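Look at the two complexes coming up: subunit A is in both, with subunit B in one and subunit C in the other.
What follows is the complex of A and B.
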């Protein structure tokens, strides 16, 4: 793949960059582009003026209105996925200077503080590209379906309140429930492999996101009634045993979700589930 | 194949609630969304969802009081029956969400925790951390996914609604399906539906940068409006006083920052380029404290919005010469701030790149919510008092019980139906609930209420014994609608080839100029002259749009095409918003006219109704009386005689 040229930088360096960012500078956006599935990819670079608060989204908007490369070639606006722009919907995930993250919360001051500095944008690596920076993450939603990530309520009629819950337990569930299916964790996971063919989704590692969501619902008073079915999926092919413990997932999660704790918890449940199955035959 | 199906357009709270309710009733649903439904704009709601609850009830609160608060909040512009029904349902909706697994914050004993919010003295707002909207959306998404897995709901993610398909004319017009386009393959096709529910949210992007998400263009509502659906109270747009202006959008900054001591100011000298810390006290203009010595920074939302706007736009005193003022917390102890406001200060730091504990925040009002939307009707329920009641006081006699079914007739087929038979509007795109201003934490409620309560009305509509199924409608109706959209699409695509590169014809430039003029003239402070100027500018932009040039001729995943097409629809909606504002010669709620500063009930206790005139391409506006009958009109004085309690007492790291 076309490796990003800028080095991956940590949060301290990003904060330092903010302080020295030059007002009114222009920066270079080097973007990996592809016209559609099966089409070749190419790099295009754009010189983009910055303004206070510039982020990747505002820069891509600028390019859309001024689609001319640094070589002076008129090109098409870049295609990318986005919606809320507040880092809460998960849509605008991409690989920026070599690291997967949301592009809305990516401030240019942190990544390219000097005139002519480069920001490299690439699509996520584990999903099929639709066009340019837009990838198809249907597989993640399919995984939620496979682990039955819901509470099996009786229906929407008025049947009173749900189960009572302690403050601590709510806090634990809330942390897991902030997962926005953005895909950072699976993109960074060495065991989660790119599968263009839908048929291969089931046999390949399901990824930390789905494991953590299974835990979320196993922890709910009513949701735990589907625990056995969830564990059937997670102890089957592509299940929890495929986790290689690299811990990349937890490092890239923008919401700080304790994914490795979820993996450990589901791992323990898997052991119990397997023993139970061995003795009961069910 | 004679199986009846319902089409839902939009997968936010309203669309998902409808989908679940209808699928549960055994009717298959086709759900269309421009994004995977889990990424809908509802995720942005932070603060909470209002409902009467047992604690408040024992202190004298009631569903009826919630109803009364919502009416006065909206300056009495709503029809009253649907509001009563909504507030009656609220506690049951909270219970339902609780059963679905929403992690509502808990008290130490394990009950649902509550917070104070604008417009009430009672704790009646339920919340889930700082992301209540996200948590509610996820709960509904999960239930919907369950139905998807059972084959009862079919999701069409990344499909854009292009036009409703109708048969018949005038009063006999009814919706029988939609035309939609796959945003990836660009395939355009028709879908049959026995009923069509629009749950497509607000129109923030008409105003350029707003607190809304990228897809909140109002394009879908505009297309229904052009197809003959009426649009109500278009001029009623809520502007939130404190948002973080961004290069791409405006992000909300909760008003609790002011509640905790935040001071709003600008440099006294225009063009002062010094850093804020270097500007001495006597060279700062504390806008709200000087103009409102009594209430200072704690004036109500609409006043704060107007004054900040005035200082920047009219007096040109904005910080760094642009439209922004300081919201300053730097005089306070950083540890205290972290404890009280940590969550929202982190958001500011993440996006603005500065720590507000040490640098004043730069904020400006931003368009936030559209109270107006597609006009809908209803059948009133059995609560019909002989005469309207006066203001309801806490602990006062409650005129009716709390059981469901007093405001609306349950399941009446026309509840939340537009003037086009079988075309419904749910959620923000329904004009029904919030009148001239929406109270905080009532939006999530109205969205879910529409889906859960009025979803049943849709089912009853298609199950009526005299109902003619959409499957019996001739295929030619669908083919003609598809062909028309395909032709529009192809014509736009063809503009790529003959591009002159003229910036005047660039769709992004046209959209930018529309946002600029709408924001300047049709939001916070409106005047006759300003709105006329706005309409003239919109005329010019519409003329330029006729020559619009697309920058991308691709037949695959062409986002520019989708955007450009929407710009045309936004211009049409913008005209209705500005014209309704021009004709409403009074001030009411969010609609403030400096040339008509008082509320004029004789002339304008009426909803504005915009009807699209296909011959002129513009709106015809009329005013129709509000259906009151439950509560008497009274002046909207709260906030003027006492500061809003919620601003001063809310202890949570609030998220308005």
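What follows is the complex of A and C.
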């Protein structure tokens, strides 16, 4: 057998796998497939030859050219979403061996080093599936609108130069600005629940990504003008209070964004904001 | 959807933040603070003799006897001297009910994924919820049997009483004055699991509360506060286990006679009894003579 079916493998294990990877082997891709929204899903397996440095996307490309399952059945090419192929756009995020991550940066040598090892691909679990591994992440962009994740500079007069910022503070904000709205954090969050109906988005947990982006713009010299409005959203239904502190978000974030620090920082702002609001009225 | 549940939902939705913060607060004040007092008092069964010895009051007593005497004195004090005890108790029960009901409501809103994300933090997230569920059953059983006197649920017919606090507690845990009955063994294990999970729930709750309220923002601060909570939890666990262990292992007859002699001591100076037996009337008189009783 020898199928590396460990759902989670750490970076040490991945490095070790890369060293022992057999050149010229074939690996099995077990893929959770679905023909469209509301349609039933099924598993299909494909035997894919590897090349040095091949990744999940290149393997999916091979499957698209040879859509034949391990049973010899000719099937439709597997559909997936991708764009940049260098882990900065977030489009190709999927669940690989039970754990959410970007597929473009997922090296086969690290996950399936031996002949016949299995790689399991599933669409993200918290978003509506459009087809196969392609999901609709609109809810995250909607969340960014809800927390007004922008700097308000539109107006009728020149605002002049922005405020000065220390190097240290800029470094802190830079880390937050790396978010690519990929959805790993919300997919791994036990408090963020799948909502197919758009009407339920507002009432259920907004997720770590939007919380962290609200902090990024609250910390911006000009962006903080909208802080009260952001905090109104984040202390409203589905706001910061729905965080359960499982801290999965920070562990799966491919950009290493300190999401749990953002959650605590917004928690602090929420404490101050709500007390202020209680005593000063609206 | 009918109108009634809709308005209910919107009330919960509108005040979600406030209710959630009150839920967090209620876990510390009053519930957590009470738990600390409760465990420290109960663990005096284990350390009471040392306290008496320090004051030169231990005399010829064994460690176990000293523990029983100290504990019995504490419990009697709480039950007779604490002003507005009933009001305090009801406040506590309401706070626990509030924390439990909302806790279940919140916990069922999440969907644990420990199978896929095996992190220590995620494990604690899951255990926090499981310990909460278990804790509800445990606390209900604990209060119903030992406070409300539902002997039906006890492994023995004897009600817990504050005059015989240690001996009746041992009976409630073990099922018999001789040792463990089968039911008693089950109850003892239930207690051990219950208090351990609740101590974890409180210590971990303190850790998450610091994030919720925004006290520990940086990862470093969260880690440091985590060590503090772990040390605190270990101390509480020690108190809980020593209390439970002492109650389970104490010698029933010795404990009973220590408690009985304390009843005598309470009444003897006032009334000259020809014969002292441990009947109902003595207890009643002791209560009647008490300024608060």
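Definition applied: the second predicted complex is superposed on the first by the 268 of 282 C-alpha atoms of A that agree within 3 Å, B and C clash if a C-alpha of one lies under 4 Å from a C-alpha of the other, contacts with A are read in each partner's own complex, and residues count from 1 in each chain.
Quick note on the criterion: a contact is a pair of C-beta atoms (placed from the backbone, for glycine too) under 8 Å apart; a residue touches a chain by one contact, two chains touch by 3 or more.
All values reported here derive from a predicted model rather than from experimental measurement.
Model built by superposing both complexes on subunit A: subunit B and subunit C fit together without a clash.
In the superposed pair of complexes, A:263 makes contact with subunit C only, with no contact to subunit B. With both structures placed on the common chain, the touch criterion links A:220 to subunit B but leaves subunit C unconnected.
By the touch criterion defined above, A:156 lies against subunit B but remains apart from subunit C after alignment on the C-alpha atoms of chain A.
Applying the stated contact rule after C-alpha superposition, one finds that A:193 touches subunit C and leaves subunit B untouched. Residue contacts after overlaying the shared chain place A:116 against neither subunit B nor subunit C.
After the superposition on chain A, the angle subunit B-subunit A-subunit C between C-alpha centres rounds to 160°, nearest 10. Touch counts on subunit A: comparing subunit C and subunit B, the chain ahead is B. Nearest C-alpha atoms belonging to subunit B and subunit C sit 21 Å apart in the superposition, given in whole angstrom.
Shared contact residues of subunit A, touching subunit B in one structure and subunit C in the other, are absent.
By the touch criterion stated above, subunit C contacts subunit A in their complex at residues 13-14, 16-18, 20-21, 106, 109-113, 115-119, 121-122, 125-126, 207-208, 211-219, 222. Within the complex formed with subunit C, the subunit A residues making contact are 7-8, 98-99, 188, 190-191, 193, 203, 235-248, 250-252, 258, 260-261, 263-272, 274. On the subunit A side of its complex with subunit B, the touching residues are 18, 35-36, 51-55, 57-58, 61, 64-65, 67, 74, 76-77, 79, 81-91, 104-105, 107, 109-110, 130-131, 134, 137-138, 141, 144-145, 148-153, 155-156, 158-162, 164-167, 169-170, 173-174, 177-178, 180-181, 217, 220, 222-223. Interface of subunit B with subunit A (complex): residues 20-21, 24, 35-36, 38-41, 43-44, 92, 95-96, 98-101, 103-108, 110-112, 128-129, 131, 134-135, 138-139, 142-143, 145-146, 148-149, 157, 184, 213-215, 245-249, 251, 320, 347, 350-354, 404, 452, 501, 506, 508-509, 512, 551-554, 556-557, 559-560.
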